[in-house]
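Letters A, B, C and D name the chains as they come in the text, with residue numbers starting at 1 for each one.
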Amino acid sequence: MLEPWIFVALLLGVGMLLPGVAIAANWLLSPKKPNAIKQSTYECGIETVGETYVQLKGAYYIYALIFVVFDIEAVFLFPWAVAYDKLQLYMVLEAVLFIVILAAGLAYAWRKGVLEWV
Amino acid sequence: MTILQIIFLLTAFLTLLAALRVVTSPSMVHAALWLILALAGVAVVFILLNATFLAVVQVAVYIDAIAIMIIIVVMLTRGAVRGQGHTVSKTWWAAALSALVMLTGLLVMLLQAPVRGALPPTLPLDQEAFLERLGQALVDVNQYILPFEVASVLLVAAMVGAIIVAWPLFVRRGEEER
Amino acid sequence: MDSFWIDPFSFIGSQLAAWLTGLGLAENWVSLILQLVGALALGTAVLILTFLLIWAERKIVARIQDRLGPNRVGPYGIFQTVADLLKLVTKELITPEGADLLPYNLAPLLAVMSVVGLWAVIPMAPTLLGADIHVGVLYIVSVGSIGTLGILLAGLSSNNKYALLGAFRTVALMISYAVPMALALLVPVLLAGSMSMQEIVLAQKGLPFLLLAPVAALIFFVSSIAEVGRAPFDLLEAESEIVAGFHIEYSGLKFGMFFVAEFLHAFTISALTAVLFMGGWRGPWAEQYTALGFLYFLVKTSLVYFVVIWIRGSFPRIRIDQMNALNWKLITPVALAGLVVTAVAEKVALELGAPRLLTHLAGNALLIFAAAAGLGAYARAARRRSELLAKASKAEAPAG
Amino acid sequence: MIPLSWFLIFAALLFCVGLYGALARRNAIAILMAIELMLNAVNINLVAFWRYLGPEAVSGQAFALVVFAVAASEAAVGLALMISIYRRRHTVAVEEIDMMKW
């Protein structure tokens, strides 16, 4: 039952391990001469001013929000799509209604001007 | 002790450790990163429970979507509580006490439950067929059609509400800056 | 037992299993070791493949731009990437001051892991498939997005403004384009009635989904190119705007790992397009001769990969607001409508007995027509607005 | 084979850790994170009962799916409120959000 998942876990582990080994080899082979200038923040030679965590614009939150909503929508629709062959017509139309309600949400965001990149 | 039990104990230990770091870490960014580890641990627990669909959903919804949204908001409100020294409120001991009382109550209840030592029955269906049934149940008028449609209304309501709450302020602020 | 030439993969597997059992190991240990060997082989193979991909891409882009491309190291410069790797390996690993060490070092590993992890569910031949999990498509959606997390970690932990800004731009665009991607992935699931990748390939007997749902295939292809961040969607590393984006503070192989992840991801989305919409290993006699199926898979994937490179060589980089508008105002609504069209068309074809291919094609044609009409109206409105603005500013100009 | 009680104890522990965080943290976003932990603990319980008591019924997984939707909506609206409060008052510490306190 869980056998394929063992392979998935192993492959994910290998996916971490191989780059880890490569970086370790790099660490062994490379020179290690740190100094203050080298390690300072890189901004094309200009002195860094102020703190790193600059104020970001709030629009990023809106994109994350819409993504979350549509992600959940997709998650709800995947079992429906798997069962598609066994569904009657009205069941398909219910899912269409589900999609239309979410599309209305997207249309609202569009009308509101949220989707403009400012 | 079987290999499954060892995997479960390891996962549970790591998840609880990460969860403790979530509620104690002074840095919000670190707390969010520990939250991701805890959520991944819960996904592994779902796999151990043979709920593989929910495990993948856990990663898709929580780690890819909600955690990223939380990190973005942490960055938007950065430094809000910094410099005041305390990550917990003055009455943290009361919180710890109520959590302990809750835990004791839950454990006492668990020990009296008749099913506590139950072992998993063999799965009656293969997972593919089960998923098909879940999909049918979600749109069947006699089963879960109401939660299914209400979920979409809820999501749209949350989206519209969040935009109304958060959006006008960005616009007004932009005008002020200009 | 199959002979080597018909099914090399099962042959090697069963030989190895027989040898391990001969050593006196218990059965579940044998299967565990086999899986470990398989995972190591697959992971190593795709990472080594990256060398070839980087060389191929440089060579093809050079030809498009009327250059020669790498031609010094080895025949046709094929070992150029190896030379580059050797150079990177001897570079100092610089950790910027104020960096958050754990996430800083974890980020490149996560980026590679999310791409290598995708290969667990890609069926490369009838018998060559890492793990036939029944939620394969959703697994692709979720694991593919972990790369976003790697980028976010890199940006947050580098202690650099440009890295932070680059990471947030990237994440905003990547999560935006993940929406139409997930919606387009629902279409093959719906047509095949299964989320298992192998089932989807099997369901494309005679009729690849590319013909049944061309719009969904196009949307999946475009949005995954954007997800990878290839040109023309490579704003995340727009040198002219944000220096280099999220990996500005990385050096040596830590930087190299982001590079590897990007190139491998481009090839992986080609493989996914080939599997989900072009029938994967399907072709004449593929079922009898597994090796032939693997060859079909490679040919189809390379074809799609060539198109990816071709697009990169041909299109200029688009602006970030255009990229954003393209997603939310065109691709996502069309993806939603495409899902509805496919769902209804399939049911109509099943219930009324209408010819399947024709119904789907008619639905898709209608969709394309509606999208084009909407696009035209949008363009006309935009032009009218800009003309009004120009008139207004001209009216003001003489006074000043 | 793992007995049911292990999962239940694990879920109880996770829930109580989340409860402590939700009650004790000052930062409202940290409280939201703690609530996510609690919702996860609930989901573990739902799925564990599904697996051990009725694996042929879909209700456990269907409920868990609805919990996902609710968790996402809760996080979305909660975080929007945090952003709004931060813009107005430059704080997300819960004790300082006391305009409505009499």
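Annotations
As a working rule, a contact is a pair of C-beta atoms (placed from the backbone, for glycine too) under 8 Å apart; a residue touches a chain by one contact, two chains touch by 3 or more.
All values derive from a computational prediction rather than experimental measurement.
Among the remaining chains, those touching chain A and also chain B are C, D. Here the chain at the heart of the structure, going by C-alpha means, is A. Of the two chain pairs examined here, B-C and A-C, the one linked by more C-beta pairs in contact is A-C.
Chain B and chain C have Cα centroids separated by 28 Å. Chain A and chain C have Cα centroids lying 14 Å from one another. With centres set at the average Cα position, the gap from chain A to chain D is 21 Å.
Centre-to-centre, using mean CA coordinates, chain B is 6 Å away from chain D.
Annotation for chain D: residues touching 2 or more other chains are 65, 68-69, 72, 75-76, 79-80, 83, 87.
Contact of a single residue of chain C with at least two other chains is seen at positions 133, 135, 138-139, 141, 143, 164, 168, 171, 175, 178, 193-195. Looking at chain A, one finds that residues 5, 53, 56, 58-61, 64-69, 71-72, 74-76, 78, 81-84, 87, 95, 102, 109 touch two or more other chains. Arrangement of the chains shown, judged by which pairs touch: an irregular graph that fits none of the line, ring, star or complete shapes.
Every pair of chains in contact is given here: A-B, A-C, A-D, B-C, B-D.
Remark: chain A residues 3-8, 10-20, 22-23, 25-27, 29-34, 36, 38-44, 48, 52-54, 56, 59-60, 63-64, 66-67, 70-71, 74-75, 77-78, 81-85, 87, 89, 92, 95-96, 99-100, 102-103, 106, 109-110, 115-117 touch chain C in the complex.
Across the complex, chain A is touched by residues 65, 68-69, 72, 75-76, 79-80, 83, 87 of chain D. On chain B, the positions that touch chain A within their shared complex are 47-48, 50, 52-53, 57, 60-61, 64-66, 68-69, 72-73, 75-76, 78-79, 123, 127-128, 131-136, 138-141, 145, 148-149, 151-153, 155-156, 158-160, 162-163, 166-167, 169-170, 174. Chain C makes touch with chain A in their complex at residues 31-32, 35-36, 38-40, 42-44, 47, 88-98, 105, 108-110, 112-117, 119-121, 130-133, 135, 137-139, 141, 143, 159-162, 164-165, 168, 171-172, 175-176, 178-179, 182-183, 185-186, 189-190, 193-195, 243, 248-249, 252-254, 256-257, 260, 320-321, 324-325, 328-329, 332-333, 336, 339-340, 343-344, 346-347, 351. Contacts from chain A toward chain B in the complex involve residues 1-2, 5, 53, 55-62, 64-69, 71-76, 78-84, 86-87, 90-91, 94-95, 97-98, 101-102, 104-105, 108-109, 112, 114, 118.
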